[in-house]
Amino acid sequence: MAEKKDSIRIGVIGTGRIGYVHAKNLVQRVQGVEVVCVADPYVDRATEWLDELGITERYTDPAKVLNHDKVDAVYICSSTDTHADFLVDAAKAGKHIFCEKPIDLDVEKVKNALEVAKNAGVTLQIGFNRRFDHNFAAVKQAILDNKVGDLHMIKVTSRDPEPPPAEYVKVSGGIFLDMMIHDLDMVRFLSGSEVKAVSAAGAVLVDPEIGKAGDIDTAVVTLWLENGAIAVIDISRKAVYGYDQRVEVFGSAGMARTENDLPATIEITGVEGSRKEKPLWFFLERYNESFLIESEAFVKALREGTTPPVVGIDGLEPMYLAMAAKKSLEEKRVVEISEVR
Amino acid sequence: MAEKKDSIRIGVIGTGRIGYVHAKNLVQRVQGVEVVCVADPYVDRATEWLDELGITERYTDPAKVLNHDKVDAVYICSSTDTHADFLVDAAKAGKHIFCEKPIDLDVEKVKNALEVAKNAGVTLQIGFNRRFDHNFAAVKQAILDNKVGDLHMIKVTSRDPEPPPAEYVKVSGGIFLDMMIHDLDMVRFLSGSEVKAVSAAGAVLVDPEIGKAGDIDTAVVTLWLENGAIAVIDISRKAVYGYDQRVEVFGSAGMARTENDLPATIEITGVEGSRKEKPLWFFLERYNESFLIESEAFVKALREGTTPPVVGIDGLEPMYLAMAAKKSLEEKRVVEISEVR
Amino acid sequence: MAEKKDSIRIGVIGTGRIGYVHAKNLVQRVQGVEVVCVADPYVDRATEWLDELGITERYTDPAKVLNHDKVDAVYICSSTDTHADFLVDAAKAGKHIFCEKPIDLDVEKVKNALEVAKNAGVTLQIGFNRRFDHNFAAVKQAILDNKVGDLHMIKVTSRDPEPPPAEYVKVSGGIFLDMMIHDLDMVRFLSGSEVKAVSAAGAVLVDPEIGKAGDIDTAVVTLWLENGAIAVIDISRKAVYGYDQRVEVFGSAGMARTENDLPATIEITGVEGSRKEKPLWFFLERYNESFLIESEAFVKALREGTTPPVVGIDGLEPMYLAMAAKKSLEEKRVVEISEVR
Amino acid sequence: MAEKKDSIRIGVIGTGRIGYVHAKNLVQRVQGVEVVCVADPYVDRATEWLDELGITERYTDPAKVLNHDKVDAVYICSSTDTHADFLVDAAKAGKHIFCEKPIDLDVEKVKNALEVAKNAGVTLQIGFNRRFDHNFAAVKQAILDNKVGDLHMIKVTSRDPEPPPAEYVKVSGGIFLDMMIHDLDMVRFLSGSEVKAVSAAGAVLVDPEIGKAGDIDTAVVTLWLENGAIAVIDISRKAVYGYDQRVEVFGSAGMARTENDLPATIEITGVEGSRKEKPLWFFLERYNESFLIESEAFVKALREGTTPPVVGIDGLEPMYLAMAAKKSLEEKRVVEISEVR
């Protein structure tokens, strides 16, 4: 593919599932960018889609991308344990960075990486894609348009279609850091407020193996926000009917809430009543468009030199909330965020 | 009105708003009963509807009803502070009792009253009418029909259209006893389980006067149930759009949830989108039919000599939950119900 | 029951199902009326509910009611073939009249009866109860509030839960007069316009016995309105899922439409999708409140001396539309209403 | 772009809006195809997207594509009046053909073109994309799965967000051929049945200029199907709230129906009631995915040598229905399809 004039040139690190999603959007749908190169220890496994997308420069060594002289920005889509190191390396090489969340499961590593990126003066966006989802963005807009008035309550429901294997659970960082992190971000996003304190409830109801792995699979977390509102998140590792992703915000002027996206609007009415379809099952299908829109926002920020919509601190703050939730669950009390900072 | 053969003969104590609701249902819609007499210090104010219903025997002294030799059962619809005493008197007089909730704001008075009723061997039903609401009863039925599977989570949302005056708030017993008591009962009803522990969050967001009166107007309570499930109740003293009454239950086989009742099913679509009507505003309109069905259930229990669907203990247990919620709010920790018993 | 001062005194002719509905509303729920007496050749069969409602004056001879000196108005709830005669007798006796539809299956008898009533100067309301239904009234209000703008299209869907027996079909006057008459009235009601011409399609798809009885069980009728709009009605004698009653109006400013009333708002989501309840099955349940409201409107018109909301001509005009529809079906062409007048 | 092994090689004729839609899908999303070349007299205007898609072989002369020795199949996306000629030329050149509808406004030209294609033995698919829409395909599937039982009624509603200019209307072939053709196809698709007779109603309610151009802008057409069912289509050239595309099918086992696709599932509830978003406005947005799926179906048919899901006759039959509808409107009578064949 010929180099496009004025294009922002991107290198993608990690050619697994999420690397593919981003590369495909960048090549086919985002205007004004080109994907120069990719790197992955197992880049050979991605031959088919790299061919399909016409990406010919391929490395097994991420350093080749991180230090590539024709790369303006990198997408860090590798395994979680490598994010922080690549973020640091990229920042030091003066590359702008789109980094998948979480930055790391260790808060000190995250703080250090953010510090390096800040000092390097590069643009950094964290991959909280749900902020760009049509439904949640519409709720945010309703709040901005004052349709809800002063915020009194935020409710987030998040249920996965299937639990992860217990082996994964063991290294996941626990349900709050691994799964609820998105919902904690959603509370911060919708409210535009930080959180003061947290209280958590949890149980093992889905899979006893998750309990044996030292985690829970069902949780409810209440959050006291600095703006005075109360938020409550409920999550489950398994909903038999599919991926359940809803929010409700309530305030002095009214309420805004979302329903799940369905494959079709059909309703069939028979002797058993009226039936609608199940929610979309797979997160890549459900959030497909949000990945595109977040990349467009990143590219726009790069092009205009503005602050991207999800910054480094947005990768750090929800970690404190998750840590406070874990502490609350263990100590059966309200935990101030200041206790875990 | 001529005495009907085999009718259950009822005396109504209290001819205010809720007394009228019950009397009207008993006279016009419940089969096999007759209202023999009523009593209220201000019975004169009820002349119009007593005439309308053809109830001619009227007293200012409740004792006249409680000891009436033609009365089989009494409806205690007077002010809250008199419920426990009338309950005791009725029980001692051998009358069956339908008692509006709360029995009293003081748990010791409630326990004593229930003890007396028990020893007297009379039938006692407590007025948790929402259990008989078409929507909530349908959720209960879905649970019984195993449509939800093992219960993992119960969510109850309850928002009033308008806050009470601060003067009322001062003597109300607080939001948990005064307002959330219905929702605490709903959790017990839907789950069929007692509660082990409670955690509460609260804020004054609706009306500062409520705060000055020593109460909150917005609350979220999380409950650990003995059957392992988690419940979360969110309430507000004011929703500008009307009376918001919804539940959601989630479990291993799926989810069941309700929407608010609307005045009509009309949807108007124009340049601003599609608009549906607001929920019904007034609780007597919203729960109109539930009052009838609860009376029918009471009468059925009397006629068949069976246990009524809402018994004395159902008037006591939610009080402990409310007390634990209040304690949790003050002490910022999870409170075991055993701590407040 | 003591005579109420200033009450409008009503006599009910016909103590079958619809007579009971009206009598019960008049006794229990409509303000400012009393039911003085009833008449029916089989009045003995109604003893139970007449006792329940406290109606003691009972006749087998309708003339006793029609000429009763304490009766201000009569409700004609007898069998269809007697409506016109009783209407004439009542008018001649100077009684105001609420008459169930149809007035008669013979248009000449209807015209004559209306003429008599007009000359007698009595108030006459025809029982098109659906106009008073909460959903359809809301659509009418939306039109009056200009939410729809200039009317372009009206769509009415009407499906019964079960077909009538073929024996009934034979004497019913045919599907247009017997069943669609309500929907033809709905078009006139919503549009506020008369109809110029009609085109009909029909088939026997539900029950071959209906075909053998010379009728159809499925029909679509298109109507050209004098105000320029087009209306289309589709009906079926049988919907397995219950009583299906919906309208949609469309115009220059938008669309308003209704859904069926459901027994409860519950939605159960499982591996098969999300299920809501079937529509209400029985017309007396579905339209219960509309019967009350139409009686309240009749009484209000009597009390205030105003024109009632459904007048004599409203009983006649839809008959012409039904007759034109039948002619159109036979002649496979558009039929002007003027052809059948 | 390198030639892919085993790819089906496609030439696209017409690089306007719909040509772009198909080319983009073929290049980016359909597996196993490549776009070899394009032709359009104004191909220069498409430079930007042709560059974007990496399509380098570009002609002004369609013959270059039609006779290209590396082209297996052509997409005819040019202006309507050229479809039939290109179809004939492509068939004679032995190319498989995907042809946008309508094939032509003149039925004789269409018949001739189909004859040529048939004799040439090439595969021909007509661009009735709505058959591949997620909602309508779900209704078709519900019918195939016997959820509806024997079909009794099909209802199609189709309203455009804005009327075309009167200048276009003059050469459009009229509302039945130009706009309702999709809905007529939908009836054939859903029913799997041909149509016996048609009756039409119409009016000029949206724009008097359309009337002056000799056309109508609002229409209702009733269709008698050979399988006994009745269908009714209502269309309008303008719905202020957007693109309104719904169907309902009703039968012996129940009903299936669709709602419009909305941009988001958000519902905002305030003092004015609950508001949902308007339907998607633009047909390319609304039917975006259907264009992809129809191309995938075409490619699958080519690869497997099977009959494509929309064949030549599907391009011809709805024309007869449209012609019969026009005749019915003029003659105010039911028109048999045999009259216009």
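Some points to look at:
Letters A, B, C and D name the chains as they come in the text, with residue numbers starting at 1 for each one.
We adopt the following convention: a contact is a pair of C-beta atoms (placed from the backbone, for glycine too) under 8 Å apart; a residue touches a chain by one contact, two chains touch by 3 or more.
These figures come from a predicted structure and were not determined experimentally.
In terms of C-beta pairs in contact, the better-connected of the chain pairs A-C and B-C is B-C.
The chain with its CA mean position farthest from that of chain D is B.
Work out the mean CA point of chain B and of chain C, and you get 39 Å between them.
Inter-chain centre distance (chain A to chain B, centres taken as mean C-alpha positions): 43 Å. Between the Cα centres of chain A and chain C there is a gap of 58 Å. Multi-chain contact residues, meaning those touching two or more other chains, occur in chain C at positions 240-241, 253-255, 269-271, 277.
Every residue of chain C that touches chain D in the complex is listed here, in rising order: 149-150, 152-153, 155, 159, 197, 199, 201-203, 205-206, 218-220, 222, 224, 228-230, 232, 234, 236, 239-241, 244, 250, 252-255, 332-334.
Taken in their complex, chain D has these residues touching chain A: 1, 28, 54, 134-135, 137-139, 142, 147-148, 253-261, 263-271, 277.
Taken in their complex, chain D has these residues touching chain B: 240-241, 269-278.
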